[in-house]
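What follows is a group of structures, each given as structure tokens.
What follows is subunit A paired twice: with subunit B in the first complex and subunit C in the second.
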Partner chain A sequence: MPEVFTYRNDSPSRITPEGTLAGLRVAVQPNLAVRGWPCDAGSRALSGYTALQDATVIARLVRAGAVLSGSSRMAELGFGLTGDTSARTVVDGHADVALITDTMGEVRLAAAGAGLFGLKPTYGLVSRHGLAGLVPSMESIGLAGADPGRIAETLAVMAGADPDDPSMPDDCTAGFSAVPPSGTGSLTAGVIEENLTRLDPEERLVFDVGVARLEAAGVAIQTVNLADYGLFQDVHHLIAAVEASSSAGKFDGVRYGHRSAVGKNWNDMYLNTRAESFGSLIKPFLFQGAYFQFERYAAFENACRLRGRLVRAVDDLLGQVDLIVLPTRRPASDPKRAATIQATYAAFALTLPASVTGHPALQVPNPGLAAAQDTGLQLIGRRLDDGRLLAIGQHLSFAAREGR
Partner chain B sequence: MKYEAVIGLEIHVQLNAATKLFCDCPNRPGDAPNRNVCPVCLWLPGALPRLSQEALEKAVLGCLALNCTIQNESAFDQKVYYYPDLPKGYQLSQHHKPLARNGWVDIVGPDGGLKRLCIHHIHMEEDVAKLVHETEGRTPISLVDFNRAGTPLIEIVSEPDMHTPHDAMEYVKALRAQLRYTGSAECSLEQGTLRVDANISLRPVGTEVLNTKVEVKNMNSIHNVGDAIAYEIIRQTECLEKGEPIVLHTRLWDPERRVTAPMRAKFEGPCVPDPSVAPIVVTDVWLDAVRGRLPEMPARKSARFMETYGLEPDEAAAMSAERDLSEFFESVVERDLPPRKTAGWIASQLVPLLRERNRSVGQTHLTAERFAALLGALKKEIVNTQSAREILGQLLDSPDALEEIIQKGGHRQLSDTGDLETLVDRVLAAHPADVADYRSGNPKVLGFLMGQAMKASQGKANPKVLKALLAQRLG
Partner chain C sequence: MPHHDRSSCGQLRLADAGKEVTLAGWVDALRDHGDVLFIHLRDRSGIVQVVFTPESTPQAVCDKAAELKSEFCVQITGRVIERAEGTDNPGIATGHIEVVAADLDILGRCAALPFQISEKSMTAGAAVKREETVGEDLRLQYRYLDLRRPTMQEHLIRRHRIVKTIRDFLDEQGFVEVETPMLTRSTPEGARDYLVPSRHFPKNFYALPQSPQLFKQLLMVGGMERYFQIVRCFRDEDLRPNRQPEFTQLDLEASFIDEAYLYTLFEELTVRIFKIGGIDLPRPFPRMTWQDAMNSTGSDRPDLRFGMTFQDATDLFTQTRYGIFKQILERGGCIKGINVRGASERLSKNVLQNEYAKEIVPGFGAKGMTWMRVMDGGLESNIVQFFSEAERRGILERFDARPGDVILMIADPSWSLVCTALGQLRLHLAHRLDLIPQGVYYPLWVTDFPLFEAADEGVTSSHHPFTMPDRTDFDPGNTDQLLALRSRAYDLVMNGEELGGGSIRINDRGLQQRIFQALGLGEQEVAEKFGFFLKALEFGAPPHGGIALGIDRVVAMILGAASIREVIAFPKNRSAFCPLTQAPSTVASAQLEELGLLDLGGNRPLPGAHAKKDPIETLAWVSRIGIDDPERPAIADALAQAVACAERVDRQASPQEAPLFRVAAVSNRTREGREARIHPLSENGELFKNAPAEKGGFFKTAAVLD
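What follows is the complex of A and B.
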């Protein structure tokens, strides 16, 4: 098994840190800037690149007393989870919380595969400054860990307005309060019928176990309809590919990263550099994005319109119920082994909705099941309801420990 | 067949904001290479753009000066192309939702009448880096200077309303005058802070079709804009007459050879909305505040000059064309000097001297106070017109006081009748034949003798007194 870390912090401060997160060990992925650490986002396109300054979230965590344990392995440019070791940093005891960028469900699936909690925060709640990202309109720095309470404390430090990221919506700039609302009683959760019909019997069985736990905790379950449920995948795929194609345009070998040694002129240098820089999974994704950008722009515009419709539909549902419940993963497709775009999207089918709409989503493990069997329980909340989701997770976690 | 040209201009104007468009780096492209750079304008991984409020305000001022409607919401797009002068593989530009639409400027047409030329829209965008190709030596190399990368521009896209090189040149002049008035931009074609791209097509006179256009770039003066368009109209006319089709492409004006020549095919990339720059939402309150910072513009000022100071239309237009000169004019007039005479002196004496020096009045030692004092000395006949012209040049170039310049240069006018009598007698004695000629009935000789006498006084004689003396002596 490969080493968990690509970079290990051998010189953490010896002074006992102070602050709300004193001593909390945090692992990062190498797409998040920590000054002086390699920051290659798992890609040859950034090989040898060292971060010049701390990402905003890193600066805030360190100021609050957190200790950075190291940088894990990650899929190239954070697309999927192929080769990712970030959840293992927690499972193997190297870290209390792992920061995992979530673009299509990475933090939720990484956590689900490791029996952990994994939160994708509300889009815009956490600054992206210092994140070498790929899909700016969807990516969110997520948190995985065994204890939802610690995740909540960590998020409270990370969240809130940042002058270096003016894209954060105004309603997010007030920040996040970790204080959970009292209890889970009087809450209602919606189960999407159009999702249920897509689950095979075994997945359905495991999902029902999870829903029963929610019910036991006092949450009223309701079946709801989302007629456009089938659109999430295409909308995500098209928009993410187009944005990725633009974002990856900066990897030209001029200022940093790998530069091809062959080429008659700059044009050749570009072509060879980019051909050599990207791996076999990301390259076709960038091609697809370029295709829609250059040749099928109207389809991209349609996808953007549909995205708006999906956001409104989910907002409407969250007007009827307090949260939406989905399984997190499909055991038949392992995101870590996905070698094609198709296989990647198949593995992430259940986590795409919240990435498309920007709502917060929490993966909750089912401690009663073997990891291989557990499909996880995914709670999707209203914008900025991150604290409530974590409080429910905490409640379920206590209940499980007490054997209820 | 007779053809008519259809001309549209795309004009890039560099805003003179203190910083770049999306970061705090100084907006000084001319500094030592790669001095003014940061993670944002180098587009290092993890950097995010932060829109400059100052650049936005200056852009809005420019749009208002060009009579555009500011859009309630505008947004940035990523204009994709790959070239080493563009650090992120796309240029942030407002393609789908520009800052402003539907503007106009008025020009004086060839018939002397006013002609309104329309602006389709104005958008903001960032400039790209500068490439320096070193082809000397064994291995040619290309260097990239990122000082200019990310500096703020507005692009002004006209309607295809123009039909002659005259229209285009006047449009650029009118637009430049309006923009300079706002103080948002320097607008120098020579220095590249205003860059004109012309789209030119031809159509049979009397039709309304828009045919395939050719884009012409690289004109670094107003005259070059006119010449390049004139050349291109002739070139395209010859093509059509020979039966050659016009192909969409870009040509460069060669100011040495005075021709346009085709350049590399330009790659037009797609434009997708940028998710990281928040949309620009303009509120009425904010817009009113910016509008309040707009100075009185030339057309209105010209009307006021006619009304308040009794200037003729052409005098008022000349006095209001440039903001600094118009303020200089008013400041002089406020010192109790006759407005029309002041305007005349500014237009006929000061402006040519400034043009010779290639400076604006603010860049010289001349102040309204010094200029008013000079006109005062002229009025009081301390100096004559000829000396005053000479003195004006010195007031521009040296900080010396007017009194000192008059003293040192011996410019004080000779009005003393006794002194001038001696001088006149000397001149008449030296030209007996001409005196005789005059006395035998040729009045034209008086002008010659007057000139000789003025010369003898080294240009300092009071002409009125001199003339009277001459007439009297020749009697």
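What follows is the complex of A and C.
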């Protein structure tokens, strides 16, 4: 089994930290800049890259007293979870919270596979300054950990206006408060019928147990319909591929990263550098993105039209109910072993909706089940309702501990 | 507008005072004194001041004059008067008079100017700052405005005068100007041709002439006896600051003549045209063989406005103990040097050793340089201790050295390297020490060039293959013999620049054939390229010779212009691009198709076009991601999925819906409260820490090797 960390912080500050997160151990993925640490985003395209300054979230965490324990392994450029060890940093006791960039559901799936909570915050709530990202319109820096309360406290430090991130949505600049909204009573959760019909009987069983836990916590359950549920995957795939192709354009071997030794002119140098830079999963994805961009741009616009339709549909549902509930994962497909784009999308099928619409989503584990069997419970809330999701998670966590 | 009664602005004088005149031109400058408006009116002849004053000008005209701005094109009628005492402007030729306007007609209004055009001040003493910082490309883009400047007009008018002098003189001498084709076939000048595709012969090309060489020789065969032409020539050479893709030359050829005739003719012509610039050239022009030029200045176009010519010191060191010299002489090398008279104060030990010996001279290709400063007590140098007493004495005598002089020597096994490196050093020092006198013109004929130069395989022509050799009894297969041949060629050199050159030509078919043989050209190649020309030599070709003169360069030198672009109305810029017309430009593929050029080169694709066949190749090219064959199947699969995905999405979407590119609104915000600044990581150089290659504070991209 490979080492969990690609970089281990052997000399965390000896000064007893002070601040709201004093002593909290945080693991990061190597796509987040920590000054002086290697930051290759799991790709040869950035091999040898050493971060020159701290990402905004890193600076905020350290200022609040958090201790950075190290940098995990990650899938190339954060596409999927192939080879990812970020959740294990928590499971193995090296960290209390792991920061995992969520593009198609990585933080939720990594957490679900490890019996942890995993929050993909509202899109835009957390500054992406210092993140070597891939899909700017969807990715969020997520948080995985055993304690939703700690996740909330950590998010409160990370979130909020950052002058270095001009892409931050206007509604996110106020930040996030760790004080939980009171109670879980009088809440209604919607179960999507179009999702239920796609689950096989075993998955359905585990999911129903999770839904029952919610009900036991006083959340009313209601079946709702989302006719376009089947569109999420194509919309995510098409938009993500286009944005990935653009984002990866900067890896040209001139300013940083790997550079091919051969090439008799600029174009040759680029072709060879990028031929050698990208691995077997991301490279076909970049080709798909190039295809959409250069040959089917109308399809990209159409995907964005469908995205608008999906955002409106989910917003409508969240007008009828307070949250939407889905399973997080299908235990049969392991995202860590996905070797093709198809296999990757299949593994992430259940987490794509919140990535497409930007709503906050929390993976809640069932401590009564082995992680390998658990589908997880995915709570999707209204925009900026991250606190309510974490409060429900906290409630379920207490309830489980008390054996209720 | 009737122009028969128009007066020239610049020619009005005190004698014209009281006359009623009509003027037309451009508003060069304005000075508004409230009620009274002064303008400088400019036409090609010069500038005159015009006054609009309520006392003498009708109110309606004054009102119209208030609209005037710089470079409006106007017609003005008025009366010439003497200027009031103390308001003379000695800066302009018409400074003693002014014109009081009676009528004004605005002929053309002028938009906002991209740069200032006026070169003359309206008031005595105050110079108009002509911004030499106006970018040349901007000047070329608005060349029609740039040409309004008196300096540019003067250049073009003088150029006309020079060319006319040439025509008149040659006409007097019995020369006939004959035009030769612009659309012709590739000629053997050695530079790249500009090609013009033929529509009637698809995939065949005309070449624009690099010179009318063969045509003028054919005119001699044709019995024209004395021909000349002011002709445009085209060479697709590498870019140089003072080079144009097309240039004008005086091309001349005469039959039944020898070198002496051409020297006399051309010296007279040169003297006449330099006179136009007020430059008197002494006659006869000195002559120097190529060998002497190389031996004394290291250049085949010596600048003799200053001394510092070479002395050979090889013989002084035949017995030397100094190892470096000894080895070089053992390998058949030579030692040459120059005496930089009285320069020891400016050329310190440090400068000589660290700048010249270590940096500058190696840049000229020499391995090293020996320097000696002449002091009262003898020679000072880092190596002089290796020289014997006799050698030191020999140096002092050979270089006529006196205290304060600096003697520099270069030694190398290669004679030509010693000459060229020392020649460049001579020029470098002359510029550095300001030894080149201004306003001095030193014409010179350089003669007896080698006919051939050594090439990788065999020899190549130093001039062109039609040049007559000094002797004809050579063996075309004997390289040593060939390299010893001299040509009957001559270059006219002035101040280190080659102004023109020519030669006596071969008029014997057998000799011409042997020259081609010597050059290693196969019979078929000769027949294909020059068959028509060789044939012409079979029909009683007269002995003949000629010369060509670079007009742009000569005019620039006569007018003291900074570059040849200053004496050409519509030049290309340094990148051989025309900012005015934006040439060269792409053409419609329909045009290419008509010319049969779309699939030019058969299987050899145009750059980048190779990717078009296979969609994977196209995408690899546009996204600059190379792929290996083993990766192909996976990428083909991925593309098939992408095609299906795009089709599903297209089917589902409705054009009525607006595309949503981001799920939450973002104000287009700039970073508040922050000034534009250089990022600290850039300023402290840390930005380069992650760069695979950096050079001198820049990210280094791949070198262009192809």
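Worth a mention:
Basically, the second predicted complex is superposed on the first by the 404 of 404 C-alpha atoms of A that agree within 3 Å, B and C clash if a C-alpha of one lies under 4 Å from a C-alpha of the other, contacts with A are read in each partner's own complex, and residues count from 1 in each chain.
What we mean here is this: a contact is a pair of C-beta atoms (placed from the backbone, for glycine too) under 8 Å apart; a residue touches a chain by one contact, two chains touch by 3 or more.
None of these values were measured; they are calculated from a predicted model.
On the superposed subunit A, the two partners subunit B and subunit C do not both fit; they clash.
Residue contacts after overlaying the shared chain place A:Tyr291 against subunit C, while subunit B stays out of touching range. By the touch criterion defined above, A:Lys250 reaches subunit B but does not reach subunit C. One of subunit B and subunit C touches more residues of subunit A, and that partner is C. By the document's definition of touching, both partners, subunit B and subunit C, reach A:Cys304.
By the touch criterion defined above, A:Trp266 reaches both subunit B and subunit C. Once the two complexes are overlaid on the shared chain, A:Gln342 sits against subunit C while remaining clear of subunit B.
Of the two partner chains placed around the shared chain by superposition, neither subunit B nor subunit C is touched by A:Ala371.
By the touch criterion defined above, A:Gly358 lies against subunit C but remains apart from subunit B after alignment on the C-alpha atoms of chain A. In the superposition on chain A, A:Ala132 makes contact with subunit B only, while subunit C stays out of contact range. Of the two partner chains, neither subunit B nor subunit C is touched by A:Ala161.
Only one of the subunit B stretches 41-49, 77-85, 311-319 or 419-427 carries C-alpha atoms that clash with subunit C in the superposed arrangement, namely 311-319. Note: residues 49, 52-53, 137, 163-164, 166-167, 245, 249, 252, 254-256, 266, 270, 294, 304 of subunit A belong to the subunit B contact set and to the subunit C contact set alike, using the contact criterion stated above. Listing the residues of subunit C that touch subunit A in their complex gives 615-616, 618-628, 631, 634-635, 637-639, 641-643, 645-650, 652-655, 657-667, 669-672, 674, 681, 686-687, 689-693, 699-702, 704-706.
Those residues of subunit A that touch subunit C in the shared complex are 48-50, 52-53, 123-124, 137, 163-164, 166-172, 231, 234-235, 237-238, 241, 245, 249, 252-259, 263-272, 274-276, 278, 280, 283-292, 294-296, 298-299, 301-309, 311, 340-342, 357-358, 383. By the touch criterion stated above, subunit B contacts subunit A in their complex at residues 39, 42-51, 78, 80, 82, 84, 87-90, 142, 144, 269-270, 272-278. Put simply, subunit A touches subunit B in their complex at residues 31-33, 39, 41, 46, 49, 51-53, 55, 128-133, 136-137, 163-167, 242-243, 245-246, 248-252, 254-256, 266, 270, 293-294, 297, 300, 304.
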